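We call the chains A, B, C, D, E and F, going by the order they appear; numbering starts again at 1 in every chain.
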Amino acid sequence: MARTIGKAAITLALAGEEELPVLLNQVRQSGYQVVVGKVGSMDAEKIVAAVETAAKRSRLIKAVYQEEHSLYHAVIEAFHGVCRGQLELGSILRTVGLNFAVVRGPREAGPGAEGEWLAVALYGTIGAPIKGFEHEVVGLGINHL
Amino acid sequence: MARTIGKAAITLALAGEEELPVLLNQVRQSGYQVVVGKVGSMDAEKIVAAVETAAKRSRLIKAVYQEEHSLYHAVIEAFHGVCRGQLELGSILRTVGLNFAVVRGPREAGPGAEGEWLAVALYGTIGAPIKGFEHEVVGLGINHL
Amino acid sequence: MARTIGKAAITLALAGEEELPVLLNQVRQSGYQVVVGKVGSMDAEKIVAAVETAAKRSRLIKAVYQEEHSLYHAVIEAFHGVCRGQLELGSILRTVGLNFAVVRGPREAGPGAEGEWLAVALYGTIGAPIKGFEHEVVGLGINHL
Amino acid sequence: MARTIGKAAITLALAGEEELPVLLNQVRQSGYQVVVGKVGSMDAEKIVAAVETAAKRSRLIKAVYQEEHSLYHAVIEAFHGVCRGQLELGSILRTVGLNFAVVRGPREAGPGAEGEWLAVALYGTIGAPIKGFEHEVVGLGINHL
Amino acid sequence: MARTIGKAAITLALAGEEELPVLLNQVRQSGYQVVVGKVGSMDAEKIVAAVETAAKRSRLIKAVYQEEHSLYHAVIEAFHGVCRGQLELGSILRTVGLNFAVVRGPREAGPGAEGEWLAVALYGTIGAPIKGFEHEVVGLGINHL
Amino acid sequence: MARTIGKAAITLALAGEEELPVLLNQVRQSGYQVVVGKVGSMDAEKIVAAVETAAKRSRLIKAVYQEEHSLYHAVIEAFHGVCRGQLELGSILRTVGLNFAVVRGPREAGPGAEGEWLAVALYGTIGAPIKGFEHEVVGLGINHL
């Protein structure tokens, strides 16, 4: 069971549909707020928008700029792990299909936890726009709130 | 149970010491070769060296340039997820403590698997050289053999 | 009063509309040629184009490739300060509103000044495409002519 | 007079020694906390360390990881403007001499200001390790607290 | 006469139309498979697509993901030499006209050659979208098969 | 015979020792100034220093900052082609052995040539610090004087 914010986010992004409900429950019981979703695109901005929209709609972040700023940078940091060099998809002829998880809470679950943080995990595939010509990718971004 | 090379690598890198033996066994039974280890440093080249040395000693890769080239690029790609921008540690005053896992086999376990690939996963913490001033990071690099 | 080409460019880019005429006068009296303007966009190429067009129209640079090459690289270097990592705006879901100043002359004003240089300063805001969700940014690029 | 956190930081980093006391006073009267300093080096980590040490010693940031994390990223973002591409100094044979200013407070001075932010401004010269072979550089990083 | 895969690729990309048939013959007699072509665009993805299409149509690479993956990364590495920093063309207001050559075979021609590799060379001009405002660029990417 | 500054530089960097004297002669007869040399290192700054020292000693560039600035950026741009992503050698556990050529003159040889430019070409091998575990690399940087 994931006891840290980053493991919680990655575990959720990696989870298959059957495992997801149980894992979501565990992570929430550890005191974290969570939202998960899926997005596929050749446009990098759609990845950013999908994660931001999910986090806002679920009220995981408040509608103030400080929280939006924190989330934006966490998404961009996670996207670095997906892109491994240049934050570009279609413009260099590649496409992604990603699960995402956004987790809010302390860096480590349990009593004495200090401060609130955001973790954004991305997991899925990247590849040529040809079915089956793709491999897995992962990214994790963590930021203070 | 991880059925793909990337999930196998990340799951192993995330694993605590108690879970590791069971997971290693599962991944090997799915037909993958695996090596895991730990490395902490402010020098990026020590991260690269630790993963390469572990893979060579365990004979996960052969002592030919093609396989070393494949592994090198997989490590560097995983390191992008850890560094999220510039492949630098001590030179911009940060340090990492990482678990690594290198997995060799098909992209997906099971019959009909095509070709051999390498996955390198890195998981641990990055932060200031001050105890407790650190957060989690993850990276995954996948390359063909 | 700015006595160097870089300070002159930044001071002009930072200036409010009331201060601008006096500052322009001072910088010109120090022996510099200057053009200032504004541009807002989610498209990076529009930032480059706006600065280049202003510099050409005002004859701050001559219509030869050497001068255009010098200006192009100065703009791109200034844009690095604005983007802080990847030279992308809308493609990673952010937008800018910028003042720009281009200054031509010696690195330092006064007698004995050696050679001609270009300085491009950018100052304004970057942020989400939501009003008020933005913070300040600055960039400076300097190149020889 | 600078009424925004970024302008305040840049104006202080640009200031000569005679102007500095008056400007510091103005910025503090606008409700900002401020620390300024100087650092010259071919080692990027010394730039980061100098800014962090000054901010901690002057108690501009608290000794908790959230604030240190915010400052670290603000410094790195400002350093992008200085380096314009790769965060490297001596390793690509260049050196810097910089003034720095760290400012803490709202994005905009005045009543109704929302949230606390950090701005780090760097201004000085970059160049070859040969006297006089250098030009000006600027960087600004802004982060939420 | 080029005896290594990289020199073979660059020499072909540099060749004028009159020299090309003789050079192609020499490189093929050294045991290499080769395809050459031309592409001009402000869209980076068209460069990638042109090289990949030429390599597939000429059966220089097989229609399996491992070979496509190897070629993709070789093209992207060559493109780094062309772009020198950020893999962007039109989005930062520049355009390219390129010759390309893709070569398949051992790193060095002759008996005892170990393993198969791909080399992608790009040579041409980059510049403003104004006739004559452009200079030469070169890139080379080499990857194992 | 190379009629452009970039081709001249690359052709010289690619040349074997037997071909070099004839090629140097041809390039000089086309009206270009040239210096060539060799450098091997795991330290990026030694590559930059070797090229700069050769150009200064041979008086290919004058001892003024404008010319040194032009050369520095041309070397760094060429180095991007060698490094293909991050300007790092030993710090990510790789080493290079390079021929270099610096050429000064018009972009195109012949009457009517406009302006003076510098071209820096790098050609050699990059790889692990293990003999034979290396492949070819090329870089070209062109800048106005």
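In this section, a contact is a pair of C-beta atoms (placed from the backbone, for glycine too) under 8 Å apart; a residue touches a chain by one contact, two chains touch by 3 or more.
On a predicted model such as this, the values are computed, not experimentally measured, just so you know.
Visitor: With residue numbering as the guide, point to the option in E-F, D-F or A-D that repeats B-F in over half of the contact pairs.
Guide: Equivalent contacts to B-F are found in D-F.
Visitor: How big is the rotation, 0 to 180°, that puts the C-alpha atoms of chain D on those of chain E, in steps of 5?
Guide: That pair's rotation angle lands at 180 degrees.
Visitor: Taking shared residue numbers divided by all residue numbers at the interface, is the value for chain D and chain F over half (same) or under half (different)?
Guide: Since fewer than half of the residue numbers are used by both chains, the interface counts as different.
Visitor: From the mean C-alpha coordinate of chain C to that of chain F, what's the distance rounded to whole Å?
Guide: Computed from C-alpha means, the inter-chain centre distance equals 31 Å.
Visitor: Taking each chain's centre as the mean of its CA atoms, how far is chain A from chain B in angstrom?
Guide: Each chain's C-alpha centroid was found; their separation is 20 Å.
Visitor: On a C-alpha centroid basis, what's the spacing between chain B and chain D, in Å?
Guide: Taking the mean C-alpha position of each chain, the two centres sit 36 Å apart.
Visitor: Can you give the whole-Å distance between the Cα centres of chain A and chain F?
Guide: Centres of chain A and chain F (C-alpha means) sit 44 Å apart.
Visitor: Two or more other chains touching the same residue: where does that happen in chain B?
Guide: 65, 69, 85-86, 88, 91, 117, 135 - these are the residues of chain B that touch more than one other chain.
Visitor: Which residues of chain F touch chain C once you look at their complex with the stated criterion?
Guide: 64-66, 69-70, 73, 114-115, 117, 143-144
Visitor: Any idea which chain C residues touch chain E in the complex?
Guide: 43-45, 48-49, 52, 65, 68-69, 72, 76, 79, 86-88, 91
Visitor: Applying the document's contact rule, which stretches of chain B touch chain A when the two form their complex?
Guide: Against chain A, the touching part of chain B is residues 4-7, 10-11, 14, 77, 80-81, 83-85, 107, 117, 119, 121, 123, 135-142.
Visitor: Per the contact definition, I'd like the list of chain B residues that touch chain D in the complex.
Guide: 86, 88, 90-94, 127-128, 130, 132-135
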